[in-house]
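In what comes next, chain A is part of two complexes: it sits with chain B in the first one and with chain C in the second one.
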Partner chain A sequence: MRHKLSSVDPSKKWSGPLREYDLVKEIVVAVVVVGFLALSLAALFSSPDEKALTMQSWSIQAPADFVQTAASELAGTTTSASYGPPYNNNGSGQNIGPINPAKISGITIPIDPAKSFVIEPLAIEPDSTTKSAIAVWSLASSKQEITWASAYSDALTKDGKALALADPTGAYGPVPTLVTALYSMAQSGALDGALTTSDTTLPTNFTKPLLFLADSGTYFPDKAAAQHLSGDQWGVMNETGSWPGQSWLWLYSLWYQIEPFKSSGNADILVMSLMGVLSLGLIFLPLLPIISRIPYWIPVHRLIWRKWYQRKS
Partner chain B sequence: MVRFLAISLDHPAHYVSVGPFSVSAGNLMIIISMCVIFIVALFLPFPDHEKASKKSERVGGKR
Partner chain C sequence: MSTMSNKSSWTSRVRSATLDKFEPEDLLPDHQPAYVASWIYIFGVATIAALIMLIASGLYLTLEGPAWWHTSSVGHYVNSVHLWSVELFFVFMVVHLWGKFWMAAWRGRRLATWITGCLAFFASIITGFTGYIIQTNFDSQWIATQAKDGFNAVGIGAFFNTLNTGQAILLHVSLLPLVLGAIVLWHVILVRRRGVVPPIDEAGE
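Here is the complex of A and B:
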């Protein structure tokens, strides 16, 4: 028999069956069982302990990729440089129709990659050649800076393996000196410290090294792909090594694998909006015309409360 | 510090891929386990289910 919610008088005392339920007992049992399982599995399988990727490991393991990315940061052609809010004004950010949350929140973490990732860290170096190169760079116009850095970035990318290139005509300006100095700084480990302590005394803010690493052409993407952590590998569901990951995020990940989300520049905001709509559908499920009939077609609740239904019939 | 007890999972995972779907062996095991626990919970009564039902169920709201 189907009861409409509106036909139930909420002021009337419940006249159906009652059952004692020891909630405290259930909570104690749940905490003990889950605690025992968590501790046992932690002892048995341990936990992921992947070494952090650093500027130092990047410059040692993929030096050509590091210097190419450093030159691209100076040229302003990396993802960070053209990202837009919250870092800079060089991109529009993602939007859904007229709504652009990134623009609404504005630039809250100002980052100019050339300055933040290259010039500022190098400014703490005592080397006079580096200081002269920084002075030449700082006195040049923005157009000149981009011309030098783009020419050097293109030449490094074209070569593919070179860590530095000669500049007999002066077409690269101070860029080769700056990139080589940054490369040396990265190899010594000093760049990691400089990037994490440029805004705070304690090295707790990893925004800059993470953005710089994410601009990497091959090193960072290859590391992610090897661990099945890339977006097209359902990466958000996975964990490093063979540990199980966040399988409950499958529905978020699914949309990124199919069109139109897969190739959309607004994929993140589209997927989050779609999940918002689906979540609203879940909340209002009893009010949805066809969906609300599913329990009558697939009566799982009758299986759970089978004794009650047996007695009732 | 309990490495001598631990089973190392610190090696590349196995992945099961069907069309656009790809799931790691670890995730698949967790998903299958959850489904099995759900089905078992549907059919398996609690140990004192029968006793508790007879003892506490009353019709008419009188206890």
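Here is the complex of A and C:
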């Protein structure tokens, strides 16, 4: 038999004993106290502000990583180059069962890394050697481009430290010239502007430089790991330094630390879907048969309303 | 004062569906049921207070622009106030949410109050997230590049690009605060409409 949950009908207006209350005073006092807390915490602990990375800082602080990544963009072997929607068709996106939402949404932010990150920025360079190299690259077949760039990318990666390699046999085509020119452009700071102004002259969209930076093999991820921001360090819920960050994302970050999500190629869609289901569960918790009964089984309410219960007894 | 009401009037219908549902003492109460006497009730109003601090510090930052706080000590302090208001806001809200769970506060036709509270929680997470990716520093660069994969995987990335700082700024300072503000207002109105949920009866179960 299902017992009655309360001796009063909770949907009816309360007709029992009252106590004095002052809503306006409560709000004013709360704002003053919380305001004082926020102002004090800000004065005591401040907030983090680690300077943003740029193409210039990357090329100066990790030049080998920069040239290797640039060559890989031309070879089409970076994360961006094989990403898929919404950037390009070079990857398939992630699936949950037969459903691939990224494919359904389509390519809305077209990015061809070789063109977007290397060729287009270099096109504004007045240097004739660079212009010739772009012309040779543009006239070549895609297969030839990949052959040149892959050979150079592999050689740079194998060397590990070189910023440029000689090409006595012509196996790299115009790629060394393009990569070296991009490296020089990055060092001067011109690449930062070129990547953001290729679509509009007054940019607010940093998709291209950020995608390029995210393709970095060591520079960007090493900086993040040093600030405990990597995915296996609970990622985006953290913040640089010892500040608390988005601690409310702990459950979202948790799934990335455990199997089967941790090693899944579809981890992002699985975690996002799971969080979607759990969020719906929270929203409709009062309708869930077992979970909605927990407050009755574990009587924390006896503590919350202890004065009321004492008064009644 | 006339009490005439034209049932075909849209204004009358809106008034009947809204203002007529409330007594003045429902909206601005000076008495509460005697059982409303617990530390847990502080966290609802504390959440609202933190939201007020958030909006005030956020408006200050908005007036000066997104990069101001990098170069001004006053700006950095206002940004810090904004950050700590966010932290307090979430702490208060989560404690408030747990409190309402243990009180089974959805009883007595208060399901909509619970749901709007949860929606406010999720809207706050999204608003907070957009705040973190518009800091225009290393933090925002890393968070934006990592978070894009989650949004892209579920197809949202095609419309909300975490790497588009301009889009994120506009969402953070205009659309999302409006959405969050509307949900919070709805939630508070429901709280006032239904009143504070009475205790679970000790003889109940």
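As a working rule, the second predicted complex is superposed on the first by the 290 of 313 C-alpha atoms of A that agree within 3 Å, B and C clash if a C-alpha of one lies under 4 Å from a C-alpha of the other, contacts with A are read in each partner's own complex, and residues count from 1 in each chain.
Everything that follows uses one rule, which is that contacts are C-beta pairs under 8 Å (C-beta built on N, C-alpha and C of every residue); 3 or more make two chains touch, one makes a residue touch a chain.
As the structure is a computational prediction, the values presented were derived from the model and not from experiment.
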Contacts of A:Val300 with chain B and chain C, given as first, second, both or neither: both
Which of chain B and chain C A:Ser242 touches, first, second, both or neither: first
Touching partner for A:Gln61 - first (chain B), second (chain C), both, neither: neither
Partner chain in contact with A:Ile269 - chain B first, chain C second, else both or neither: second
Partner chain in contact with A:His228 - chain B first, chain C second, else both or neither: first
Comparison of chain B and chain C by chain A residues contacted: C
Which superposed partner A:Leu210 touches (first chain B, second chain C, both, neither): second
Which of chain B and chain C A:Thr129 touches, first, second, both or neither: neither
First, second, both or neither for A:Ile258, with chain B first and chain C second: first
Shared contact residues on chain A - chain B and chain C: 13-14, 16-20, 43, 45-46, 48-49, 227, 239, 243-244, 247, 300, 304, 307
List of chain A residues in touch with chain C within their complex: 3-14, 16-24, 26-27, 30-31, 33-35, 37-39, 41-43, 45-53, 83, 85-86, 93-94, 101-102, 104-109, 204-207, 210-211, 213-214, 220, 223-224, 227, 229, 231, 235-236, 239-240, 243-244, 246-249, 266, 268-269, 271-273, 276, 279, 282-287, 292, 294-302, 304-309, 311-313
Interface residues, chain B side, partner chain A - complex: 2-3, 5-15, 20-27, 29-31, 42-43, 52-53, 55-61, 63
Partner chain B, residues of chain A touching it in the complex: 13-20, 43-46, 48-49, 226-228, 233-234, 237-239, 241-245, 247, 257-258, 300, 303-304, 307
Residue numbers on chain C that touch chain A, as the complex places them: 28-38, 40, 42, 45-46, 48-50, 52-53, 57, 69-70, 76-77, 79-85, 87-88, 90, 92, 94, 99, 101-104, 106-111, 114-115, 118-119, 121-122, 125, 128-129, 132, 135-147, 149-159, 161, 163-167, 169, 194-205
